[in-house]
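Everything on this sheet refers to the single structure shown next.
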Amino acid sequence: MGCTAEGLAAALRAAAEVIAEHRTELIELDRAIGDGDHGENLSRGFTAIVSALETQVPATPAAVAKLAATTLISKVGGAAGPLYGTAFLRASAKLGDAAEIDVPLLLDALRAALEGVQARGKAVGGDATMVDALIPALSAAESTGGSVADVLAAAADGADRGAESTVDLIPRKGRASYLGERAVGHMDPGARSTALLLRALAEAAR
Amino acid sequence: MGCTAEGLAAALRAAAEVIAEHRTELIELDRAIGDGDHGENLSRGFTAIVSALETQVPATPAAVAKLAATTLISKVGGAAGPLYGTAFLRASAKLGDAAEIDVPLLLDALRAALEGVQARGKAVGGDATMVDALIPALSAAESTGGSVADVLAAAADGADRGAESTVDLIPRKGRASYLGERAVGHMDPGARSTALLLRALAEAAR
Amino acid sequence: MKKIINDPAAVVAESLRGLAVAHADLLRVQDDPAVVVRADAPVAGKVAVVSGGGSGHEPLHGGFVGPGMLDAAVPGAVFTSPTPDAVQAAVTATTGPAGALLIVKNYTGDVLNFETAAELAAAEDLDVRSVVIDDDVAVKDSTFTAGRRGVGGTVLLEKITGAAAERGASLDAVEALARKVIGQVRSIGVALTAPTVPHVGEPSFDLGPDEVEFGIGIHGEPGRERIPAEPADALVARMVEAVVSDLPFEAGDKVLLFTNSMGGTPQLELYLAHGIAERLLAERGIVVERRLVGPYITSLEMQGISLTLLKLDDELTQLWDAPVRTAALRWGM
Amino acid sequence: MKKIINDPAAVVAESLRGLAVAHADLLRVQDDPAVVVRADAPVAGKVAVVSGGGSGHEPLHGGFVGPGMLDAAVPGAVFTSPTPDAVQAAVTATTGPAGALLIVKNYTGDVLNFETAAELAAAEDLDVRSVVIDDDVAVKDSTFTAGRRGVGGTVLLEKITGAAAERGASLDAVEALARKVIGQVRSIGVALTAPTVPHVGEPSFDLGPDEVEFGIGIHGEPGRERIPAEPADALVARMVEAVVSDLPFEAGDKVLLFTNSMGGTPQLELYLAHGIAERLLAERGIVVERRLVGPYITSLEMQGISLTLLKLDDELTQLWDAPVRTAALRWGM
């Protein structure tokens, strides 16, 4: 069974809760190697998504994703706002007018999201950014069978591993890159938030 | 035997050493209930007196006291500069052209110093200022017999008791007065420095 | 203590060197005793306006030397009033037959040292008058204290008397104007952290992580009371109440509102506090006609703010608006 | 954390309210999205100069809105770049057929958000160009980093392009001028203490009592290295060397020297550092023709300073001297 507009909206609400719970953790991660606002920025954005969804849930998954995209772009700011916004925008474009997201559509959307983040931010794997969570998330998702929930769970597992991998990397993009070697030993906050978001979506899809 | 110009100069050098040794203590006392500069101000002043005396020791005790007065006035600043400056200036006026300070002259000088401080600063006994060291110093000196050294030792004892007495007083003059009751429990830095100076002069006169 | 200094004993002299080279068009610095003098001093026929005090309150006073404000500033050691000979040097460098007004903040040290200087000047047949500003409502003005301290009102007093002197007012007129300003200006300050004097090397007082010193002076002297930290709305309301009730300022009064940073407070917070003060005054019907917001009378790196209210009339408003050109305040020229 | 604020989430909005009421003659503040706009915007026929970025760097950028400098400033949350719709609102409020120049500091977030805003503006047929300033020599400029950060040079860039736009220069000319300035301005910063972001509630980094962060950014991002605290002479020499050797600046060059406080540094120390920098430049034969000293691009209450050098020629000197009237910089009007 796939994921409807309502289903995606519910998943985004769940994601908002997870981000709120991990706000302080994300702030701390960002404080260590950046400027300490990542948790605050994302909570502001996801709280705004929840509010926007209260008024009305759009009819298609694509429209829900687009609402998430424009809300993130207009509420988050910083590096993460345009990057996550672009991810949702590109994903939304792939979803077309489908009433439900099935596994092939989900994979298309994930692929588009990664491409969007890379087009915008110019980061490649190994630069210690959210891209390092998205790449293994996508490959894990692509090599798994099963339901939308199963694929998302695999993606979340991949993102967890990817986030973990950033601990040993020298950052080359974003604020953490100013630290160079001094950032080694710290997890990238954006990679961590990507892993949290995918896990929340996976749990909601079960 | 009385105290010559050279003797007074030596006593002032000794006083400068004592002030330098107690610089931090005076700073701490002033930091607690004032602005923390009393030790710094007095060291600057007495260091300048020592330098001035290096060039030439004036011929009479009065001239030495006047040199100390003008140096303190022009180097110390704050409340203590003009007050101690006035004390030495008035004392100097009493010393006239005597070649040595004897006990009657010493008592005249001490009395003039106290009057000068009170004329300038308008403080009375019990206001928790240097006046509270000077008043008992003078009465102890007046009621003691013996040499200049004995009289000065009695004055120093009186000043010690007076400085101690300021611990329980509510300050009514100078910066400490802003604290009101919160200053109770702290010794007045100017009373303490008066006691230190008189003790140094007494020791030097022995 | 971490500071951008070399030798604590040389801080003032070295800082003045930077001031001199940065603002050679406005001022010059005389050495030994250290005095900041308007570049074109003495200005013929003009009453000289001279102020001074301990250093560590910058831009007060050196940052206010220039056309339309001070003719000279006398910087003492950090938080220590300058000596009479320094004041005298400032008077000598700026004062002609028109005389001079000395602006003295009410601290025992300042009063005593300026008093002596004025006597020295009188002995040289210069017409020198002193006014003592004591605008700090934190201190109870009674015979049991050294009296109210001079704080934020000093900046406004220097601007307004400086403007009058620049226009050619007589010493009598400038002195009367100064007394008028002193009569209708009131201030209150709060501190969130303590300043650290270079030669002391430790904070001037200890304030708990949730404590605020209400009624702070500009040397880290304590104030009325130590209160628990509270939201800006409550804190500023407490400050406004203290100032307004003192004069008192009343509905319909036109005022200048001066929201001052004590040095370490971010501008973000300063404007936030200013906005609250404006709102509270408006609620009381007090009309804010002019404002000044910034770090103008500070206490080294101390975090905190002060509010100063000056009751305006046409004369004072015009003098406030008059051109001024100094390192710290500049408009109209 | 002790701050003069109410709700950490409302700090920027409440501070802007204070700014608006304090400077109603110069600017207005639009709400939702928050934008600071010159009072008389849009100015007919004039190229709009617009900048913005995270808040917490005041007076940057809102304090530079007014005749002769910025037409609008876009304040993000504290240390967070503003969103594209806010930038777009600033463009819409200020931009006519003459177009607009967006001044963007080189941070990933700022670049991405302003980029999106420029696309939105282009879609509305407005001629909008962006320049990215990256004057911080602390960061090695390579493909392995996000590139050099925009810091102190931003203030000079905003003043100079603002002056050109005020004089009626075309968008092509203003853009070319901006690229010229960016090409010849360099900066370096140091921090003695860390700033505390209101919604974080703790200092942005931990610095030992004897450590200095050399090459600090304006968000408390770290710099080149952590060094032991040293006397001002040595520290400023290290800073001058870093800046001068980068462009490089050479004997005979005429420069503007900008000595900036990061917010919490007392003016006493700031002028002391400025004096040292002037002396060191003179020793190298570099001619300081103009200077700016003060807290103009800050990092909340962070203690520290930055030095910025801009190579001058007649064009840049004239534009620097041109009249400006903003909350933070004012002369000639």
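To keep things simple, chains are lettered A, B, C and D as they appear, and every chain counts its residues starting from 1.
By definition in this document, a contact is a pair of C-beta atoms (placed from the backbone, for glycine too) under 8 Å apart; a residue touches a chain by one contact, two chains touch by 3 or more.
Keep in mind it's a predicted model, so treat the numbers as computed, not measured.
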Clusters that remain linked by touching, chain C excluded: A, D | B
{"item": "Distance between the centres, which are taken as Cα means, of chain D and chain A, whole angstrom", "value": "32"}
{"item": "Length of the line joining the C-alpha centres of chain B and chain D, rounded to whole Å", "value": "54"}
{"item": "Gap in Å, rounded to a whole number, between the CA centres of chain D and chain C", "value": "29"}
{"item": "Per-residue multi-chain contacts in chain C, two or more chains", "value": "78"}
{"item": "Multi-partner residues of chain A (at least 2 other chains)", "value": "none"}
{"item": "Chain-level touch network, classified as line, ring, star, complete or other", "value": "line"}
{"item": "Pairs of chains in contact (touch as defined earlier), listed by label", "value": "A-D, B-C, C-D"}
{"item": "Interfacial residue positions of chain D with respect to chain C in the complex", "value": "2-6, 11-12, 14-22, 55-56, 58-59, 63, 78, 192-193, 195, 209-210, 212, 229, 231-233, 235-236, 259, 263-276, 278, 291, 293, 295, 298, 300-301, 303, 305, 327, 330-331"}
{"item": "Residues of chain D touching chain A in the complex", "value": "9, 33, 54, 76-85, 107-109, 112-113, 115-116, 138-139, 143-146, 149, 197, 199-200, 202, 204-205, 217, 219-223"}
{"item": "Interfacial residue positions of chain B with respect to chain C in the complex", "value": "27, 31, 34-37, 40-41, 44, 73-83, 120-121, 170, 172-175, 177-180, 182"}
